[in-house]
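Every chain is named by a letter (A, B, C, D, E, F, G and H) in the order it is written, and numbering of its residues begins at 1.
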């Protein structure tokens, strides 16, 4: 039952084809979304940009293809080249960004209208796939994105040598594995809000990302909020909401 | 060595009182901050608003009072009434917000200049101190704050009954202990960026906040970033940076 | 806006005092609960039995008293004698069950109408407070409760010596700390659904209830579901829903 | 020694072929089960429905086939198509439900005699195998099962749009990975007992199901009990015991 | 129903006062322990030595005193001087071993009849209470006990300077906190079975005994089995069973 | 420098070919083992029985074969058929026990001289490899071993139906995964020392053996000591030391 | 048996008062340390400097005083003023460093003979007690120590403003709680070996020092080794060994 | 902008081609490293020795080859033979140390100029790859390295039989998995600084290196500092810095 059905119901009531108690009854079982609440509108608005976001890991190939077949515009994360090739068979508009592990329909790519930049910073070479996931997500949502990769704390001068980039950005996404100290250090040299993404890069006591996650949560420098381990998509999405 | 000292050095060089290699030598040991980098300026700017933020827990009374004595304008978090009374003896401008557990100098209170609101939502009665810490922090940084407390998932209709507030806000801070599901639910009905604060409220398998922390990090709904357990201050600060 | 308000709105529409689009607009912002959804009705029904359940731990005395002052009929868990005495000053109908650590208004006590029993079993003497919390909760919800305490696995013959009780019950609540093996053993001798409550009783590697929690979750015998550590109330409540 | 042997013994005693102390001696070493205790009877009754439940994961193919060869009626969980095909070679009555990963003998399928429904709800596409395991288990135990899949908290309107299903059910099984908030939300809109199943779906800080497990255990809404991560079978079994 | 009752039943059957089916019926509900199974006999035998072992931690003073009042011979562990003094008021036979934190009735003390010794070794001064709990428990069970304290790995020569003691013992109890390496080292110089007791002594990353617990479980030297953190009683009891 | 060298040194001293300080000097650097300490003798004695125990997991095939090539009599644990076949090429005396995953030289098999039995009990089918590892280890060390498999708590009557076996044994090894409650239950019906082996059998919240490990460590029934997860070898070895 | 006893034994052998086998026998049971191995000498050497190091936490007042009474020169860590005052009663040479929580005998204070400095750096005010413990320990071992406190990552310019200190030091001790990023940052600007000390300062997800511990262990910058949480003594001791 | 550019700037100022404020402005944006700070010089110095250290695990083959192509002198850790063969195709100077899993350019091998040795000790055969990583790293940095492998605590006499090696070394690296007690034992017999490396060797409750990590952190013997699990490179690097 969509808005038109409600209108019809109200008309019937007004036209006395329907009694008050009957209308009450129908309204009670009215599905929530049919009321056209803002959420739904937003949802639809987002849908035009991000109608179906499919996290490929944990789904079978069959499930992924099934969902995309029913989608209009779509974005798939943690996707392999192989899954891209399967999608490509029936979706000629599919495009693959291998560094980010993302497949999306071309019409998803939007014109960048915002001057304010999102800066995506990563600590090491191994963190790049997650950083790219964040960057590409933000770009697909219409943001201008600047990248600053491989500026980990071990060679801190590389970070300081690029400090002007930190003042050009409106929001900063910091992607780091191992000990994840980069978020704290970046926070120490800027006053922009930082979305920190711990990655599962590392070994031993990094415990697949627990170490950088805890580092980022405990940062002694305020102005940092954290998303899940390896959640580049979530960071790019959040940065985009902030950049609005 | 401040900017004036550098100017003097450059003048001496220009006036040939100093050779090039001598100037090189002096510049090499130049303390970083003396270059007047933006960070320092920002720092000073923040300092005017938040010059000294003192986390009282983990510090002795003596340390806290010592720091505040040397501070101009200040904000202290996780403060007890007792510590406030000690501060009050020598700082007549100290004010105490007991619900938030915060002491601050009156001149810290700023005129609210922004129309955009920050909404602070809390799940249960026991989460209120952390929610207030976030709200008061945001207010001290010049934001207009709306509060929506005790709308936990157990009585989800209370949340839906206030949904218009979610659309009036520019940023939302969600404070929840126990299972922390509130952040996901709020995210499901709005498209504003959400800063989620897990609290140590709960018992047993809430493990002093680990349960809501994990819930919030794993939210299936994008647009949420998380701060440390019980870190109301950090959430208010981050929300304020976003609301700029 | 309650059901009457909606009726009024519909009448106005019918009486043409209100246009269709105006009615649409009002319905959109209609608070969820005002539609009189079943949840609300249930909620009210529950409210008559359990209008306000207050978990005292984690709340200040002031908060607890404040909530109870505004409550009609109420139940408070994890309550001390001291808090009971404070409540008693203004609520003459308050009653205290010290073993269970529960305070409740007398009118909360309901006539037991069900023949089917709930059996509450506990492993050791130290588990009794949690077992009593479960038993009293179930009684307050109108159930007939049988208790079988101190029948831990170390003296398994005591358990087998009471096996007829297991066949008289409709639902069984098993409360155990330390290694929590009792739930598995009870499950091995009955086919009734079991609600298992791990307790924080124990020391060392019991890790405040993690050991029995894991034991109960991993039971090789099906027919067991688990509630939070020390959550006697939740177990009694769940058992009561099942016993309906 | 079965009931007939005991009868023989008692007859011998009565017939004075056996002295009192001799009978005492024999009774002392009497194996527990031979007394025909209710448990055994129940066991046999269950056996007719679920004579051998084989958890395939953790067993070698050889072990699984060996057990099934000796079984009459059987149910195998976490089974692959490959294992099904091996079983099929010597058990023509074997049937495979691929979505649930379950193999069972056809005669296991029972007539549904109960009107009360069990509702199985799942959050995401990736949770479906566990949800199906629960649903199929409940069906094999003679229950009428309704499914409501892919109604996670990120799109909460889909959940509310199906709320009438929650009132038609007698017991509800909620299956969710990632942050597992769905159980709390469902609990907030119904008064039926809920069996919550955390799944290992997710990544990073979901820690293979720890996140939803903790969420479900800490739910601020009573009426939820939890089974092991990915334990769809246990949830279906428990729901069936409750639905009796 | 005790053995006499069974005899009576059998007599009635023999005397034809009771039919076979009636006897069958009565035997079915016969409490397990009434059959006089060996376990019960052993239990009684142990009872003479250790009739009631009360773990005081986690019990209220009232509970402890209540249990002891109903006990004959008893042993209480993790007991304070204060609880001893309360017990002493009504039990003149109570004795207190303060180093071990144990209270017991004097008649509990048995003649040592075994030549084989149990050696109790401890790493540091802070581990002595747990070591004493093990030693006193073993003595109360009739064993000859030798003590070797403060021979931690940091001063390994003290350990080697006493190596003849390791060959005089039949069983060795090793008590150690911090990193707990002592068990491995002792195992490296003897071929006696070792019961290892991790203690909660230490700080930081000892995590209240997790560090020595893991050390002892992972010992590369076979011939070590482990009891719970701080479980001196369990170690003394196990050593005594082995020394039989 | 062996005992003969020491004797030579002492002779030289006695024969005045060597001065006292020279002898002192040589004795100071004397390697520990050359003193012929009991440990070494024991070691040698054990060596005859268990000269080289090789844990295959974590070693490369090359390392394993290299060690065995240099060994006389040997035992290898966690070995695959493939590794056995490689060993067999150059060690015709190698024998493989596939159920236990052990390879050993035939001369390792010893005559059983002890009447006292070791009983090895296992909970489920999947626990059998670890149980066999314990049983075979004990047999190789000259013990008579009885096996009682598949008597988990879910069908507790199978356990009670074999209780006479518990009284025939001198030591009991209990092997269980999932929730590991079997050790507590066995302990409740016998007074023999129990070596408990948690296994990594299970899924979800069994956390690869942490659940049964904690269960066994926290057993409310004394007389249980625990070895590492899946450490069947260690349990068999410990049981053998106790059975001496 | 000390070196003199050995000399006597050798003399007796030489003087033929003792046979060779008799001497062999005595040497076999010779306590390890009596051989005068280097360890013992070192131990004695250390003893002159650090004869008795007593970790006060976890020991009773009585134990601490008892150990010190028997000690010559001593050092006590984690000591309160109260314990100092008790020591002072019978040890007039006792001195208290309150910031470090250390009591030691005055003669322990040694002349500083080394030019190479140890630099002790701390992140926040709350970390100072642990930093002082490290600094005082190093000073008591004869090192020249420089302190640089309150230079956490949140105000990174303070760190860079003191960078010349990093080049003057031979070893650096970095003390930090919360997220512990300071060690990585210091490592990024120096090539001196760094001993990192995580502290339990922080709250929520710092988990009493686990967060900085993991950060420090995972540092992407080599040249860092870590000691236990809050182990200032161990860091000062290690730095002193390196500075030798 | 390098030192020459700064010199040019200063010359321009001196030559009045540039005003003071203009010079100020340029200096403000001066990249940190261009000041030629010591760090950079050290960095360059290190670069000559260790210009590019590539941790292969966690990087794609493509990334590894890409980095090495751009490197002069290089060292790659955790490298497979396969990756070595790929590198060899375009870098004829590449050399492979298979035991250590390291690839490096031949010119990286330096003349050993230091007399002081680093001793690398390992507990078991499975720990050798990590021990070799430490040893080879130290050798590549110009140190003389002695190896002492397979001297675990289970056969402690092998350790004591080599004690002279401990006194010949200046720094000791101890590599151990399982329970990791070796570091404590070595520390008990020497006064050299020890760098301890926990390895992921072991199974069950070793939790992939957590057990030895905790053991090493909690050592009751001072003079030990710890690096990450399996971080042989970090240990060799740290030992080399200490040996300078």
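Heads up, the rule we're going with is that a residue touches a chain if its C-beta (ideal position, glycine included) is under 8 Å from a C-beta of that chain, and two chains touch if they have at least 3 such contacts.
This one's a predicted model, so the numbers in the text were calculated from it and none came from an experiment.
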- Looking only at C-beta pairs in contact, point me to the busier pair out of F-G and G-H. G-H
- Query: For chain C, which other chain has the most distant CA centre?
  - Reply: H
- Message: Test of understanding: which option in B-C, A-B or E-F shares over half of the contact pairs of D-F, residue numbers taken as the match?
- Response: B-C
- Task: Determine the centre-to-centre distance between chain A and chain D, using the mean Cα coordinates as centres, and give it in whole Å.
- Result: 38
- Note on the structure: For the pair chain B and chain D, the C-alpha centroid-to-centroid distance in angstrom is 49
- Taking each chain's centre as the mean of its CA atoms, chain A sits from chain E at a distance in Å of 58
- Query: Which parts of chain A, given as residue numbers and ranges, touch two or more other chains?
  - Reply: 37, 39, 155, 157, 188-189, 202, 204-206, 210, 213, 217-218, 222, 228-229
- Task: Write out all the pairs of touching chains, ordered by chain label.
- Result: A-B, A-C, A-D, A-G, A-H, B-C, B-D, B-G, B-H, C-D, C-E, C-F, D-E, D-F, E-F, E-G, E-H, F-G, F-H, G-H
- Query: So in the complex, which bits of chain F are touching chain G?
  - Reply: 3, 6-7, 10-11, 13-14, 16, 20, 23-24, 27-28, 30, 32, 35-37
- In their complex, what parts of chain E are in touch with chain H? 123-124, 152-156, 178-181, 184-185, 187-189, 202, 204-207, 210-212, 214-222
- Going by the contact rule at the top, pick out the chain D residues touching chain F in the complex. 29, 31-34, 37, 39-40, 43, 55, 57-59, 63, 67, 78, 198, 200, 208-210, 213, 228-231
- In the complex, chain C residues that touch chain D: 37-39, 42, 45-46, 53, 163, 167, 188-193, 195, 213, 217-218, 222-229, 233-235, 237-238, 241-242
- Item | Sites on chain F touched by chain D in the complex | 125-126, 155, 157-158, 160-164, 177, 201-206
